[in-house]
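See below for the structure under consideration.
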Amino acid sequence: MSTRINIGPVHPSTHGVLRLLVDIDGDRVESVEPHVGLLHRGVEKLVENRAYMQNMPYMEKLDYVAPLSYAEAYVSAVEHALGIEVKARAVYVRTVLLELQRIASHLLWLGVMANDLGQFYTVFMWAFRDRDKVLRLMEETSGARMFHVSMRLGGLQHDLPKGFEDRCHELLTYLEKQVDKYRNFLEKNSVFVERMQGVGLLDKERAIALGVTGPVLRASGVNYDVRSNNPYYAYDALGFEPQVRSGGDCLTRYDVRMMEIEESIRIVREALNALPEGSALGMPIRFALQAVQERVSVVKREMPRGECMMYLVADPQQPYRLHVRSPSFANLSALSEIAKGCKTADLFAILGSLDIVMGEVDR
Amino acid sequence: MGFGYSFAGAMLLNGVVGEVFDTVAYAMMVLALVIAYDYLLSWVERKVVARIQGRYGPEQVGKYGILQNLADFIKLISKEHSLPKNADKALFLLGIPIMLAIALFLIFILPFSPSLSSSDMSMGMLFVFVVLSFMPLIVFVNGFASGNKFAAISAQRSVVMLVSYELPLLVVLATVCAAAGSYSISGIVNAQANSWFMMLMPIGFAVFFVAMLSELGRSPFDMSESDSELIAGWLTDVSAPYYTLVLFLDYTRTFLGSLLIAILFLGGWQGQFLPPIVWLLLKSFAVSVLMIMVRATSVRMRMEGLIRFGWLWLLPLSLLNLIISYLLFIR
Amino acid sequence: MDTRTYDRRKTLNSEKEMSLLSENSLSMQGTKPNAIFATLSDAAKMISKGVVRWSRKNSLWPLQFGLSCCAIELMDFGSARIDAERKGYLFFRGTPRQSDVMVVAGWITKSMAPEIKRLYEQMLEPRYVIAFGECALCGGPWWESYNIIKGVDQILPVDVYVAGCPPKPENLVSAFMKLQKKIGGGVED
Amino acid sequence: MKIERVDLAARLNEMRKQGYTYLVGITAVDYVNHLEIIYFVRDLAKNTEDSINVDLDPSDAWVPTITPHFKSADWYEREVGEMFGIEIRGRRTDRLLLEKWNGKAAPLRKNFNWNEPYETMID
């Protein structure tokens, strides 16, 4: 005998407006059916009617936890289509900003994940405090807190401000200490380990068949990270190493993300040290009409949540068609398979460990 | 009835009328004490949790935010009341007041000092624990009566929890009573004149504390109220005025649990220099603060995790405690 | 931060509308105000209207409800840097029955609008709505889209508007303070 | 590479056996006089990628489903199907992002009418 319960669209831990139809037999989840589309606003249609740079805010609002990553992916697609080179300094500055954004995103995930497990907001508060510090540093580069709109074709709107390097190094040292603190706090807690270990198991073959991406895929033992397999920007030069584990459960996903924060800290540090001189400024928003070099361009980027693919069919002034393959969409589509047969409490641990953002699922 | 100070005597009443008057006066005193304790505890909880989380907590309403909870309280009772359409009205409305009444009654029959007590039953401790184990059952009934599926799941959970912690709790209780050679509360306290039971049986204390946390439904055993899974569990459809009762009940239960731990393991009202009741309240307050700190730092357990923990750790440990205590000092 | 100009007559009408709305929804649900608490609250109102007003002013519990981008700033509003609990705002309740303020943070799609309406109906009087961010004000950058409602005030009565994309958490504190002023009776124009 | 839609499922299955086990995504483009549906597949071991394009007639837009071969194609197919009005044959046709829509309007087609009232689009 199973009971059908309706979780969401407004529920404390569905990370936005996700609706789950769950069949429960006792404490066991028989089946989960995610219903999405409650945030669908037709981004892909809207961007077909705007000039290239007018689309920047739309792209940033796809994933509102890591807006800068999407802006960068979109700008790269346009650069690819119009045949614009990125300046040498801008390459490094973008790497720094992308990795800072990744740290901020993973910190938010950490806080929310702990909350999903029933932590009474403690890790949430700590992680948000540190995320705020990262955001404040990024605010210096553009003047905006969340939606920077600072990417320009061929570079950025502003170069890094004076003294940014020192403040960034200071913050990174602080963050390193904090990450250690979180790991100590959580991993020495046997209840936390018990909640995460062996939950939401996903082995290598199933992970590939279900098409999950990003940290979830890497936690299942698949060595695929766009930053190392199709290197872009300064990742190759800085010796980026993907974080791969083979556990495949929630604890492994947690581990991969925590290690990614540490790897990001290292990359930012080395990128700051190797920052070339020169200008990082890109073209102004109202650039002259360009000849389209590539009608169809495909750009792949490693977002905090996984692999994003921008499929751009270009017109001279505006996109003819822009498809966004969003990582959360891929991960959420696997939820019903991963969560089948788990306990009710584990459902939320699994959902938390997938790290979804509904804005980019629904688009 | 041994009050030390008889209100009826002062007013020259005697016979049955005097007895009743004395009881009512004592009940009023206890109620006032519980309200004061609960209020202070709720304020301390918000402050302590906030400090652990790197915040300040309430500080704008009243000095150090001391009036914050008063504002919350008045606001909640002045809000609109509503009943879910498919709730069993009588059960749904009666459950929470009954639980509150039970908690208050148990505090009422616990003695606060040798002179300040309503009764000293020879089976006092047994009585307390029998009545205390009604609470999850009332949560169960209330959850089912609210006609909400989340509340129904929460109701099932409360009963499953009862299965996993009640046994170790009672085994430790039996050990303590055997060591004290008495089931009466004052007997247990008097047995700790030389050394507290916490020193004699540290394992028993740890087991009892953990089992008490789940008896009270406090984190990490707040599965029946888990806000990240079941919205608010059995409280999902409870309207705002009733929610004041729930908050009151929550802190009253914490007070009750802390009192029991203080009486059973921390030597009750025994102490130097200060009056006995002050010692008892200080000790139970310390236990309450410890519970708050556990709440702020722990992660909620799973249901089957609790059952496994209860049967594979708590129960063997409580039996071990029983054996060691038997060999060392009960015999 | 920017709030729309305050028109007293308009607000009175909307309050009337709100009470009518709530009466209707109550009669549809088949619920009656509990007698004890109704008398209690009536007595409290008569004896000390000011106390009730003071308590409502100082204890605004937001509903744990976020739609999109602005919800991240809403979370930040409760977190350690701003610490909304200092003023008694933080106590995110997951259930609408026990919360006072609904912060509509994000765009409202046509498929989500009925749910938001229902959520508002589940909240108990007195209840307040804050429209947080451009999308909740007027549809924001999505105003052209085929699946968007242009502003939450088309489906709910809104008390305070907060402009920005997204507004900073500090702006939300300011909006809450405006709401406090409104509840306390002193409304600035 | 461009292939006919009748070969689609067989061709993708063959590629999967060659090592292209990971489906990156499915998307479509409306070139007004024809629709193009694109499948991206990846070989994770060799780190290579490939895509398969199928041209469709807008008035007779259907493709066979590939969910028997790629489990992860489920949501992508549903999304492409409802956004472009492409019928995916051989699978249940429940809607994904636009749950309430009746399927007459396909928003990502170039001839989509923005000003159509919402009531005509839903059931």
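Order of writing sets the labels: A, B, C and D. Residues in every chain begin at 1.
One rule holds in what follows: contacts are C-beta pairs under 8 Å (C-beta built on N, C-alpha and C of every residue); 3 or more make two chains touch, one makes a residue touch a chain.
Since the structure is predicted, the reported quantities are computational estimates derived from the model, not experimental observations.
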Legend entry - Minimal step count in the chain contact network, subunit A to subunit D: 1
Inset, instruction - Give the chain pair that accounts for the most C-beta pairs in contact. - result: B-C
Inset, instruction - Considering only mean CA positions as chain centres, point out the chain farthest from subunit C. - result: D
Inset, instruction - Measure off the straight-line distance from the CA centroid of subunit A to the CA centroid of subunit B, and report it in whole Å. - result: 45
Inset, instruction - Give, as an integer number of Å, the spacing between the C-alpha centres of subunit C and subunit B. - result: 35
Legend entry - Distance between the centres, which are taken as Cα means, of subunit C and subunit A, whole angstrom: 31
Inset, instruction - Compute the distance, rounded to whole Å, between the mean C-alpha positions of subunit B and subunit D. - result: 60
Legend entry - Contacts with two or more other chains, residues of subunit C listed in rising order: 80, 94, 111, 144, 146-147
Legend entry - Shared-contact residues (touching 2 or more other chains) in subunit D: 98-99, 107, 112
Legend entry - Sites on subunit A at which at least two other chains make contact: 11-12, 37, 40, 42, 45, 125-126, 129
Legend entry - In the complex, subunit D residues that touch subunit A: 21-25, 27, 29-30, 38, 40, 44, 47, 70-76, 79, 83, 95-99, 107-108, 112
Inset, instruction - Can you check the complex and tell me which residues of subunit C touch subunit D? - result: 110-111, 144, 146-147
Inset, instruction - Can you check the complex and tell me which residues of subunit B touch subunit A? - result: 49, 52-55, 149-150, 152-153, 156, 219-220, 222-223, 226-229, 231, 295-305
Legend entry - Interface residues, subunit C side, partner subunit A - complex: 64-69, 71-73, 75-76, 79-81, 92, 94, 106-107, 109, 111-112, 115, 119, 141-142, 144-148, 165-166, 168
Legend entry - Sites on subunit A touched by subunit D in the complex: 35-37, 40, 42, 44-45, 208-211, 222, 224, 229-230, 298, 307, 309, 311, 313, 320-321, 323, 325, 329-330, 332-334, 337, 362-363
